[in-house]
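Questions regarding the structure given below will be posed in turn.
Every chain is named by a letter (A, B, C and D) in the order it is written, and numbering of its residues begins at 1.
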Amino acid sequence: MSKLHEECGVFGIYSPDGHDVAGACYYALYALQHRGQESCGIVVNHQGLMRSHKDTGLVNDVFTKDVLDSLGYGEIAVGHVRYGTSGINPAQNAQPLTVNHVKGLMALAHNGCLTNAYELREEQELNGSIYHTTSDAEVIAYAIVKERLKTKSIEDAVSNAMDSLKGAYSIVMMSSTKLIGARDPYGFHPLCIGKLNESWVFASETCALDAIGATFVRDVEPGEVVIADKNGLRSNTAHVGEKPRGLCVFEYIYFARPDSVVDGSSVHMARQRAGAFLALDHPVQADVVIGVPDSGIDAAIGYARQSGIPYGIGFIKNKYIGRTFIQPTQSDRENKVRIKLNPVSSVVKGKRVVLVDDSIVRGTTCARIVKLLRDAGATEVHMRSSAPPFLYPCYFGTDIDKRENLIAYNHTIEEIREIIGVDSLGYLRPENAERLCDNTACGFCTGCFTGEYPCDPPATTVKSKFERSIMEGGNK
Amino acid sequence: MSKLHEECGVFGIYSPDGHDVAGACYYALYALQHRGQESCGIVVNHQGLMRSHKDTGLVNDVFTKDVLDSLGYGEIAVGHVRYGTSGINPAQNAQPLTVNHVKGLMALAHNGCLTNAYELREEQELNGSIYHTTSDAEVIAYAIVKERLKTKSIEDAVSNAMDSLKGAYSIVMMSSTKLIGARDPYGFHPLCIGKLNESWVFASETCALDAIGATFVRDVEPGEVVIADKNGLRSNTAHVGEKPRGLCVFEYIYFARPDSVVDGSSVHMARQRAGAFLALDHPVQADVVIGVPDSGIDAAIGYARQSGIPYGIGFIKNKYIGRTFIQPTQSDRENKVRIKLNPVSSVVKGKRVVLVDDSIVRGTTCARIVKLLRDAGATEVHMRSSAPPFLYPCYFGTDIDKRENLIAYNHTIEEIREIIGVDSLGYLRPENAERLCDNTACGFCTGCFTGEYPCDPPATTVKSKFERSIMEGGNK
Amino acid sequence: MSKLHEECGVFGIYSPDGHDVAGACYYALYALQHRGQESCGIVVNHQGLMRSHKDTGLVNDVFTKDVLDSLGYGEIAVGHVRYGTSGINPAQNAQPLTVNHVKGLMALAHNGCLTNAYELREEQELNGSIYHTTSDAEVIAYAIVKERLKTKSIEDAVSNAMDSLKGAYSIVMMSSTKLIGARDPYGFHPLCIGKLNESWVFASETCALDAIGATFVRDVEPGEVVIADKNGLRSNTAHVGEKPRGLCVFEYIYFARPDSVVDGSSVHMARQRAGAFLALDHPVQADVVIGVPDSGIDAAIGYARQSGIPYGIGFIKNKYIGRTFIQPTQSDRENKVRIKLNPVSSVVKGKRVVLVDDSIVRGTTCARIVKLLRDAGATEVHMRSSAPPFLYPCYFGTDIDKRENLIAYNHTIEEIREIIGVDSLGYLRPENAERLCDNTACGFCTGCFTGEYPCDPPATTVKSKFERSIMEGGNK
Amino acid sequence: MSKLHEECGVFGIYSPDGHDVAGACYYALYALQHRGQESCGIVVNHQGLMRSHKDTGLVNDVFTKDVLDSLGYGEIAVGHVRYGTSGINPAQNAQPLTVNHVKGLMALAHNGCLTNAYELREEQELNGSIYHTTSDAEVIAYAIVKERLKTKSIEDAVSNAMDSLKGAYSIVMMSSTKLIGARDPYGFHPLCIGKLNESWVFASETCALDAIGATFVRDVEPGEVVIADKNGLRSNTAHVGEKPRGLCVFEYIYFARPDSVVDGSSVHMARQRAGAFLALDHPVQADVVIGVPDSGIDAAIGYARQSGIPYGIGFIKNKYIGRTFIQPTQSDRENKVRIKLNPVSSVVKGKRVVLVDDSIVRGTTCARIVKLLRDAGATEVHMRSSAPPFLYPCYFGTDIDKRENLIAYNHTIEEIREIIGVDSLGYLRPENAERLCDNTACGFCTGCFTGEYPCDPPATTVKSKFERSIMEGGNK
């Protein structure tokens, strides 16, 4: 684990006259693939009949032409890409989740993490409910179905269910006739609205809108429920404004695609700005600024522009390494990091190098990369991290490592500098993390480096109890 | 559809000291493969942790060495092979079904068909339940979980749930610590108990016991719940004897493997006896008796022995034709039945042939086979069916065709004789169907040819309503 | 290795007006699959352009609809199924072999074994030739191409090449415009001619003609070269009659399909006759005669009819066990033979059983089967083998085991009886092997049990030298 | 076809004490994957026994752990990645080619294109040779084998064969005991020597040395034959210096990986220098310089540095799009180029953009990319191509399109500017193409834009004749 992982990307489309909604999902999920590479799925709704396909693997592997054809045409579709935190049972937890309930069918795709999943689950189980998965999506589905028995519409059920759901969730779901999007009142994770001819589209990021040629309309507000159906787009704002904004700052620093615009700010620009802050706070005399591909490139350009030190291409990344790549054995692993990442000697040889990356998690990969540069002839290496040091766990949908594994939790900055073997080391200052956006109205969750969260984290003991009862295996 | 289809085979093993229970399931499911070729699954329970693998395909395709290894060792395992009646959503309905409920985990494999599935499902949904599958197994799971909230043990929950479950079910299931088998009070489908060293085994047929070297102990009684756990084997007999016996007579005539012994009678012998009855009731002057492979062979030998006409090998069946065999186009289909089944000219040329098969469903395949014989030089063909004519639907787990497609529902025997092009035609007389077994204590369900069922069939309108709301697609 | 293996099946079709020749090959290869399960291939010739597909695996696996479609329509096609003796390099040696030579393209499929392959190969290599495969087919191709440089037609080249080729070969090949079949002057392996509308067909066995609805015309004569082209069928008989007939007697006893007619005699009848000879030569008092499926069934019926002892079904063979079946570990292997083959207790319990099989190679499998019968309650087991004892190697295309592994080479019949654990043991007498056919004009190769071969075997030292230089690996 | 394609990458290793030579090949071929994505293969030589595996697909797909394990350990290995120009018969033409000849086994991997392949082939066929493939590798193999009959060593055979071979070839091959590398006397394509502990390594590019941790020793000289065996490394220089140097200039501009060093010059630096020449020759007032990923990035940095205009990230390339990506239908293709390549609006909106790419072949893709930029708000787009205009065919191993399809052959630069829709257009001047390297001793082949080739191209008529007789299909 040398990088953080996002857990999900969600997408939905409502096409009043029917449309190749499966195809739109397919291209959109390609654009959202960076948000989850473990499993993916699409459910297509044609006049109330829902056809579903989901499996472990990349969009490219799971959705062949035959599979897409078998999903057929429809009026509504929901799609999902997933990165699982648990590492177990990936196929069973693949989404969208399709369920039958008393008033019909429902398909749901979820990005985020509930903080009261265990309590809700236990409550529902005491009422005789059974669970097929270990995902929060099933807990959310139950919460909605419970309200659906008491309300006259699915959107009211969703809004009412939000009273009981705590934590982070960006949901795209559909009933027989409606496409619904919902974002938790803090707005932990992004969700936006687009339009493609007469169709309405909800997506985790704007890059998915671009991929299908849709026009960006606006972001879903924190706490908002948006509904697209034959009457067009409308909104339930019962929960809007009830909580302070808490967008995950890592969406800008690492998760979102640089070409996306999240809550009004360009992700690429936020990263370039991070590089500029680094140059201001941690200046150094050097000959070239390079970024670790792909995640450190944007900030490296920002550092170079601010500092006036030329930007260069320090590494070539092998783009052909796939999932079945056979890892070199431990004995010669260090030697072979360069299969994935090879330094360009002519750029770094005899040079003082500023090396920019987006984060330092355990430090192991970092140390190997630094060694590659020195072997290639760099005379000095100055490391700059466009994220502040990770010190605290994340409870809202990000797969941050255990505290014991976080190098910044165990060591001072000087110690880290020595461990990764650089001449100087500078992190983004936490107060600057909140200044990366153009949109100053934004509030952020910066819990992972400050320990202050917008809402209460779950009780530790409860979380571990839940993990004990978890069910392994897979339904391939 | 030229043949009837069974819907399922179930298997379970409890091994007190731990054991390769996945391996035992694997070999047992191979032996039960004839009961279902659409999907299969195994769940292994190791100290309460359940690992599962299920998928569409034959045991041979779904369980590779890697998959079996990933299931690991355990103390209990449950396995299932399935033939789906609906043809839709095969992967999502694959069993065993693994569910989380308030008191833990449960894995369940089911063979049969409930007659009140729709009512139970609606009742549970009105309570807020959500369904992931369209299978009766999930309805049964809910019924058990509902009782589990009120009882102190899983076996009592199963016994209590049987009050509400109507229709046919042979279940093998496990909790964290127990393996449980249950058979409906009519005993529609078989379920037997075996012993392998210290392990207890429950299986649909004795051929599964043979496959793993287990010894046959006894059949599960209709209405009985048997429990294997660390205290050994015990039984809950609350429902035993409350209903008349109603074993599906087709288990003997067609479904079960000839080397199995069902409720005390050899399947092969029952078929041979059917052939003898045919020879007594429909004698004919002929030169050779042949059976349609594989299902008509046993009865052909019975006919030959009773009549004194020599038994011969009339057809060679191509054993290499697999699932991906490309069907010849319609235009030359008749010509090419012989890719699968080729007559042995030297056996039938110039001969008067008695042709025995186990059933005549639509009559189409039958007519093609008869034509093959005539083309190969047979001078007369006398057809004998070891099943009586199909006239009524089955509601208890057999995939009998729609009445409109049943040749015997639409035509007199003389008309059928003409349609399939034979010189004479004789069916097993329905009263003899009940005399195929050694075990005269047995009562049978012969509803498919008499229209008299041991228990009430479901209301037609309800059944079709249920079908309308069904969810298609697949989680591959 | 408990059975002998044939090495190949060949097929070709010439269709003057163009036709789905790939489809015809496909169905024909299905019918010939028993002659080789290691690899298969089809080459389609459309106006001189040859499209080819071949791979390891069964016809069913190698030829999907997409693959067949990609081969397209054509006027000529050649197909092959192969069992490799070496076990190495199966994909590289897959046939038909397609080669470019100075006068065009050629595709060739071969069944048999040359006795002077090494000498021919060495001679051609000394002339600078390079070899891609280790198969005789490439040696034959070179021999033909060498003659082609000197002759005016491909058929003359084939006929001239036959002067240098020694041993067993049944060849089906095509040039741009002609389909050619050739059989060695001894006629070791079968080759027949059929007609399907205007198309000419050459095949290893008549069951392939039946599979595509073609009519049997005649067998290719030993030494004959037959040519089908736009002028119809014609024949080069330069080598006909130059050698005594030497058809492999094992084609009747084991290799060919029972529904085939080889050189004028029904294979099924030859086997039934073998059973009758066994009953005459090795009579015994018993209650039932059973055959080991599938290969012992025909002879068992012959034994039963001759002896008057009833024929019964002693075993059920599991028809779902495929290539990826996971073998039970050695420790419990004996116990688990019955996964593949389970005795029908009701047939053998308390009975004196005559057990008929087609051959006894090592004796190991035989002993396990006998044990199954005794465990199922048979009181006596009398083994009858429809082949005489194997005592000598085969050099003509049959994969007979090393002498050291042949139980009959190492032991007396009384010793074998004891090893396999039967009450009596009887083999077909070698002199009766030559009396299995109707066609008394036939001469046979019975070298494997007499040591007398129709033509000289290759020098042992040469053969082993060739094996040393062999190339392993695979081009999947 | 919007890009040029290289045809091959070659690699070989000689390890005196035995080694995981298959593993070394595997990692090296990963690094060379950009030189060919159609098929790949590895042959391992263990004490003269050669195990081979090759197939269509990427290294990642073809070589699983099981396959690598099956190749085993050895002393020598040869590997190959291939892009086929013909598009037909990819599996059959996969390399390395393994052949048997009179003095043993040989495996050969080839990068390049012979200009007298047809003549050599015809000459050899007239001698009775047969060909299995349509690749030049087989022609080369024959040429070597022919000489091998007359010489005492394989290396002398290679050197002598070079008298007859015309055109471009970089070969890595092995006999039972030797690894041999050879480069044509013009040195059209690169080949270098590395050392890894006691092992000798030959590779197309230095990035393959880096990938396995080997040290660069030197380039193979044009015309040189290098031999690694138990006596170490030695060289046959009979053909060195006999021709002027003619390294393909496109190795620098496009084919080679930027981190490689070819014939003494860094590829990345050559590209950056191309960008600088463009800035000098085609200056423009602009706000940002962007490159088309990945191939235009290096030159864009060169342009930015020389011009002083800031370098920016103009596009995000979707890195998850694999081989099975389903192309959008023609109707909405333009709209969906952005699935692969999405502009970063915040970088280009309202800006005058310099867009650098490595070449303009047909112009179609270029026009779409320009349109994306304009849609994203770029006010001006100035295109710069780091290659001169393509005007002539390549006969030496590069898959350049037909002249009729080359936009520069059909149009003036002003017309092209209008077609692709840019405000200004500038190409690298041909005379600067030869000034991209540090190593001024280098001579180049610049035939594709000058029409002047270092050696005679093949006769056109001969080439087309050869194409007519080509054999399609595949041995999967």
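The rule is simple: contacts are C-beta pairs under 8 Å (C-beta built on N, C-alpha and C of every residue); 3 or more make two chains touch, one makes a residue touch a chain.
Keep in mind that this is a model prediction, so the values were computed, not measured.
Trainee: Using each chain's Cα centroid, which is most distant from the centroid of subunit B?
Mentor: Chain centre farthest from subunit B's centre: D.
Trainee: Indicate the whole-number Å distance between the mean C-alpha point of subunit B and the mean C-alpha point of subunit D.
Mentor: Their C-alpha centroids are separated by 60 Å.
Trainee: So what's the Cα centroid distance for subunit A and subunit D, whole Å?
Mentor: Each chain's C-alpha centroid was found; their separation is 37 Å.
Trainee: For subunit A versus subunit B, what separation do you get between their C-alpha means, in angstrom?
Mentor: Taking the average C-alpha coordinate of subunit A and of subunit B, the gap between them is 47 Å.
Trainee: Could you pull out the residues of subunit A that touch at least 2 other chains?
Mentor: none
Trainee: Line, ring, star, complete or other: which describes how these chains touch one another?
Mentor: ring
Trainee: Provide the full list of chain pairs in touch.
Mentor: Final set of chain pairs in contact is A-B, A-D, B-C, C-D.
Trainee: Applying the document's contact rule, which stretches of subunit A touch subunit D when the two form their complex?
Mentor: For this pair, the touching residues of subunit A are 23, 26-27, 30-31, 33-34, 37, 58-61, 63-65, 68, 207, 210-213, 257-259, 261, 266, 268-269, 294, 297-298, 301, 305, 310-313, 315-316, 318-326, 328, 332, 335-336, 338-339, 342-347.
Trainee: Provide the residue numbers of subunit B that touch subunit A in the complex, in ascending order.
Mentor: Result: residues 41, 43-44, 49-55, 62, 67, 70-71, 91-92, 94, 97-102, 104-106, 122, 124-132, 134, 138, 141-142, 145-146, 149, 469, 471-476 of subunit B touch subunit A.
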